[in-house]
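Alright, structures below, take your time with them.
In the two assemblies presented below, subunit A is common to both, partnered first by subunit B and then by subunit C.
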Partner chain A sequence: MDRRSFLKTLAAALAVGNARVVAVEFDPFPPAPRLGKPLSPVGERSRFEAHVQRYISPNLPSRHTGAAFAPISELDGIIHPNGLHFERDHAGVPEIDPKKWRLVIHGLVERPLIFDLETLMRMPTESRIYFIECAGNGQNGYREPPEPTLTATRSRGLVSGAEWTGVPLRILLEEAGLKPEARWVLAEGADASAWVRSIPIDKALADVLVAFRQNGEALRPENGYPVRLVVPGWEGSIQVKWLRRLLVADQPAMSRGETSEYTDVRPDGTVDAFTWVMEPQSIITRPSGGQRIAPGFHEIRGLAWSGFGKIRAVEVSTDGGKTWQEARLSEPVLDRALTRFTLPWRWEGQETVILSRAVDEAGNVQPTREEFFRRWARNNRYHYNGIQAWRIRADGRVENGDPPLAGGPVPPLRAGGCGGEVLDG
Partner chain B sequence: MARALLLLLLAALPALAEGLGLGRELAPEEVQAYDVTPIVLPDGRGLPEGEGDYAAGFEVYAFECASCHGPNGEGAPFDRLVAAEPFSTELPPHRFAIGNYWPYATTLFDYIYRAMPFQEPHKLEPDEVYALVAFLLVENGIVPEDFVASRETLPKVRMPARKRLRLDPLTRKLYPWIELP
Partner chain C sequence: MDRRSFLKTLAAALAVGNARVVAVEFDPFPPAPRLGKPLSPVGERSRFEAHVQRYISPNLPSRHTGAAFAPISELDGIIHPNGLHFERDHAGVPEIDPKKWRLVIHGLVERPLIFDLETLMRMPTESRIYFIECAGNGQNGYREPPEPTLTATRSRGLVSGAEWTGVPLRILLEEAGLKPEARWVLAEGADASAWVRSIPIDKALADVLVAFRQNGEALRPENGYPVRLVVPGWEGSIQVKWLRRLLVADQPAMSRGETSEYTDVRPDGTVDAFTWVMEPQSIITRPSGGQRIAPGFHEIRGLAWSGFGKIRAVEVSTDGGKTWQEARLSEPVLDRALTRFTLPWRWEGQETVILSRAVDEAGNVQPTREEFFRRWARNNRYHYNGIQAWRIRADGRVENGDPPLAGGPVPPLRAGGCGGEVLDG
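Up next, the complex of A and B:
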């Protein structure tokens, strides 16, 4: 078909009445594709996908502490590829030889025990699909006024979904035998900061995994290789990576990671410790900040999740919150896992604001930005789960549509260091 | 056949009662050897022997810490270490620090001993870490200048931020037995 007949076809298509506004470029298949690449021992992404990368703020004072955001603007699905799972380190990523890895269980136990990886892998295992979310996810929501160029990745990309396989922590603790005074399990990592967090014994015995597989393969180094804790539904920082030690105690450690960091300020100036459970979240990833859409049909897509259990519903508004429709949840809808939602939508080319709101099976509803700041102080740093709004401009450009708050600007936030470790600029 | 099964089951029972029989039991000295970064509890358990004061801490701080935390702990390029009360919801998060945000003095020893200096942790002796803790507590206006940090004194220090700390209400509902130290 030459150019003239192509234009004719296009004109004919337009005349059919259901205006196909987006013309797909005419470029016929090559007659014979070339011989491709040979078999490969390890698959790699298409080079055309090389731009899909974790986002790392250019403003961090160090790349040994900080976060890399999963590129949720450019992914679909409840499982994230291992190389794109979000990452948050406090003192770099250690290199651990699996032959030298040991796990020590001691303290208030009948028998202090040591395991090597081979022994751990002989034990009974479970595989579960869970989200892991950094307590600092959403931190860009603390900015006031809201930053216009925010993307979905930078808004909520400190979450990822994966299938985790490991030994239930309960089995290891039973192997060591808990003494009656045992109340806490203090977990320690083998990174340079020897990261420590305290887990109440009820949770440790309930559903915590000592995981050595991430989506079927060994964990990625930045996600705890060879072994990490997976603490379903709770903030990521308690899911100790590079696990090397479990001290069973009658008291929590009140480590830096549960006092100076990962504590939350309330509007009355009270500071809450042990804010473990991740509240319901949802985010529209398409269309979302930084993207540009054309008028006509679009499937609105996004992710929802909650540390309280399954997602019960996601409601979407395409008119700035005046009316809400229930989105379709894509199966499987799993307990404390990422859940996909979709909603068919036709954009008429007028400026509007789209929003999503998650409701979990415990009945918790994701708050608006304003509701969120009635519960938490403006200078709090964690657990931001306010509804993310996207403004679609008349030219199709998508921007942060979050409403400014009545109280005006907040104390400035800095990237890196105390109070801004995951903030990006 | 049924008897054989029963016998088999009985033979398996002790194994089950004892668990899987996996992992090796550690002798107390071995546990000690693995406890390279003792976890310090708020009541002082886990703190090693030793002591240190402001003057000694001043020296160590200038040499090992000032380049990252500022000559006076004002925090550049990394975390601020010195900040006085009052704390308020107007305070920018990068001004949260030991004097207005840290609820337990024991955490200071625990963290510095296990994690600082950032590029070469575990290089400091317990006496040096006690000295740094004394230095930082004095700089934050929490203890007098003649304070000597040790296993005995640190658990007794009342941190100004402790009065603001409480258990998250949701966590209290889930785990009513938890009390903050």
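Up next, the complex of A and C:
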């Protein structure tokens, strides 16, 4: 090898499909590095990655109720690291001593039961990769007029993917023995909000996990340490964190979290309660709002998911919706898990708008903004899953590309809410 | 509800299959908790989990070359959190500024290429869940006589599971244009050991990733930040971390890492080099060495994996190998990924030995200790995959249950090596 030949600037042109990217200056033979850092009992992130954080709105009236968004603009794959899994609290994160933790199961059961953590962990378990999504995900995405500086993280970052391990709730309920009149399981958290949500008995017996592991290790405190419910495909707020009590009943609790919050407003002003299942979503994470790209080859990457099952397809448009191409789905494509889609793309420097649209195995199609607001009122706060558009400016800057809606502004939200962000005062 | 009824001790007997576990004392109505901790930009583990750490032998002569074991005794599922992924370094962990990082591809190519990180990240990617295992995994497990206090972590913790995202090496090599005489890709790391391993061209073109994401986020420093190779199913040391150079050649490097280390000794004293593929493994992680169990129902849980593909089956014996039952494999069962197996079990308090045995889809069967040492010399240091037995004492303590070998002690290791542990001085 002629080492000198590497010391000059290379400007080799790469051909990725029909694309070209330009190589850069490099001295391939730097001085020998010094001995590095020693082995560590628990690894930490590189200091060069410290900027990759969950997003917390600076306008929140309190950081004890609100949300921290997973930085999906800067993540790849379908698993989120535990420290960056999105967070939604109603009264802060309680600190629970696992030795003192107990779970009681009572109500319409033959044998009321109490578990400590060691007893729970001896029970039969399942490990599954699922998404969890806050019903308020998208609250920043449906603002009208669209906010130009929106990022993928702020538009749709109240979702995360992880592997959860826990005991099937079915097994615990069978241990307790359901009485014939049992219809609902009321789950209560140990945080100061005394969070309660009601789960219909069929779902409780189907696939709910009483989970104590998140990506292999103990749950993180903000995700329910030591034990939470995982309710596959359903809205996050029913996946009760810091679980302490399961009351089996013949009717739902009609709690705050299923009446004043987490209900959906129809255009005629009536309200749907118990809208549990998360509709199909997708979002392009790269390139996305706030990023800046150079002409040439890019892989468009994004996330799709649906509470109804597997993602069947994701279609991507790079010309503002005139034409659509089917993206590649990265294996494994799992039931009610995040799915990564990719599409090779060459950007020539023209201004354009890119969009993605998810279709799930049940045949549900992610709607446009206009379609969403034909189904739901303009002041509805939950379950927004409208297509997110990104505008690529001629200088490579990426902005919110959502089209304005007919009918004028959406009323601003007055409280932090699940979306976690207050833009107006 | 009669609240008083909960204030007494409950001793409800649970019936899991044929098992019974005893419930515990509990006051289900404690005082209302206080407001918890606020939202956090990056989550941390609970302080009650601080003891869950990677294991580093206290006897290492240096912590700059050696290994930190993933605490598999205390993890569930098939994904390991990034901070607990096992670590193996040859000259410490270099700190690399991602803005200064470059990757050069040269040698028998039409167009030598240099990539910076931003250019690499624009390329086509794949995300895959794989195990990575150090070829020295098991070095503590094959000691003779068997060490009574061995744990699952120390026996087989030089393996971890994660989702890796990167650019297929094939795409980069096609960009550079392989010359007809290209047969090997020599990969070099940027650490002070100048680590070099040689990958045959067929494997390089098949499924190797140039990875920059680990469970969604940037690689951890000890796992190669900013870029490493992921070579599915092959020994860890060829999955070069802190990747800086790919030299395409017509012959292998015959580097230190493929001559004096990571070669395997046959019983006749001859040595096999280039033994890349990791053979089928399994280990019961619960109950396992160092744990203590109470009589009653237990779910036996463990990990299995194979470099030859998917795990087809795991058989478990709870009677010292007299009879075997097929364990349940937790979905998804993925190609060259960790697979979680479970088996319900009732322990009556008798002394016994439990074992697990993996079979992969290629038909390879995990060998006994005796079978392993018929194939390899007693002083061979790598690729040990003998069945690990755990002895349950009558008092519930769990110890190493491996049978002594005919033929006397194995020579002690004199250096840290990949197994990372020196028991003898």
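To be clear about the criterion, the second predicted complex is superposed on the first by the 387 of 425 C-alpha atoms of A that agree within 3 Å, B and C clash if a C-alpha of one lies under 4 Å from a C-alpha of the other, contacts with A are read in each partner's own complex, and residues count from 1 in each chain.
In this text, a residue touches a chain if its C-beta (ideal position, glycine included) is under 8 Å from a C-beta of that chain, and two chains touch if they have at least 3 such contacts.
Only a predicted model underlies this, so the values are computations on that prediction, with no experimental measurement involved.
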{"item": "First (subunit B), second (subunit C), both or neither touched by A:85", "value": "second"}
{"item": "First (subunit B), second (subunit C), both or neither touched by A:175", "value": "both"}
{"item": "First, second, both or neither for A:249, with subunit B first and subunit C second", "value": "first"}
{"item": "First, second, both or neither for A:106, with subunit B first and subunit C second", "value": "both"}
{"item": "Contact breadth on subunit A, by residue count: subunit C or subunit B", "value": "C"}
{"item": "First (subunit B), second (subunit C), both or neither touched by A:352", "value": "neither"}
{"item": "Partner chain(s) touched by A:202 [first = subunit B, second = subunit C, both, neither]", "value": "first"}
{"item": "Which of subunit B and subunit C A:368 touches, first, second, both or neither", "value": "neither"}
{"item": "Partner chain in contact with A:259 - subunit B first, subunit C second, else both or neither", "value": "first"}
{"item": "Partner chain(s) touched by A:270 [first = subunit B, second = subunit C, both, neither]", "value": "first"}
{"item": "Shared subunit A contacts, counted only where both subunit B and subunit C touch the same residue", "value": "62, 64, 91, 102, 104, 106, 111-115, 119, 122-124, 171, 175, 192, 194, 245, 247"}
{"item": "Subunit B residues touching subunit A - in the complex, by the definition given at the top", "value": "19-20, 22-26, 28, 30-31, 34-35, 37, 39-43, 45, 75, 77-80, 87-97, 101-104, 106-107, 110-111, 114-115, 118, 121, 161, 164-171, 174-175, 177-178, 180-181"}
{"item": "List of subunit C residues in touch with subunit A within their complex", "value": "1, 5-6, 10, 12, 14-16, 21-26, 28, 32-49, 52-54, 56, 60, 62-64, 66-68, 74-85, 87, 89, 91-95, 97-98, 102, 104, 106-107, 111-116, 119, 122-129, 161-165, 171, 175, 190-192, 194, 213-218, 220-223, 225-226, 244-245, 247, 296-299, 301, 330-332, 334, 340, 342, 344"}
{"item": "Subunit B partner contacts - residues on subunit A that touch it in the complex", "value": "61-62, 64, 90-91, 102, 104-106, 111-115, 119, 122-124, 171-172, 174-177, 183, 186, 188, 192-194, 196, 200, 202, 245, 247, 249, 251-256, 259-260, 263-265, 267-277, 377-379, 381, 411-414, 416-420"}
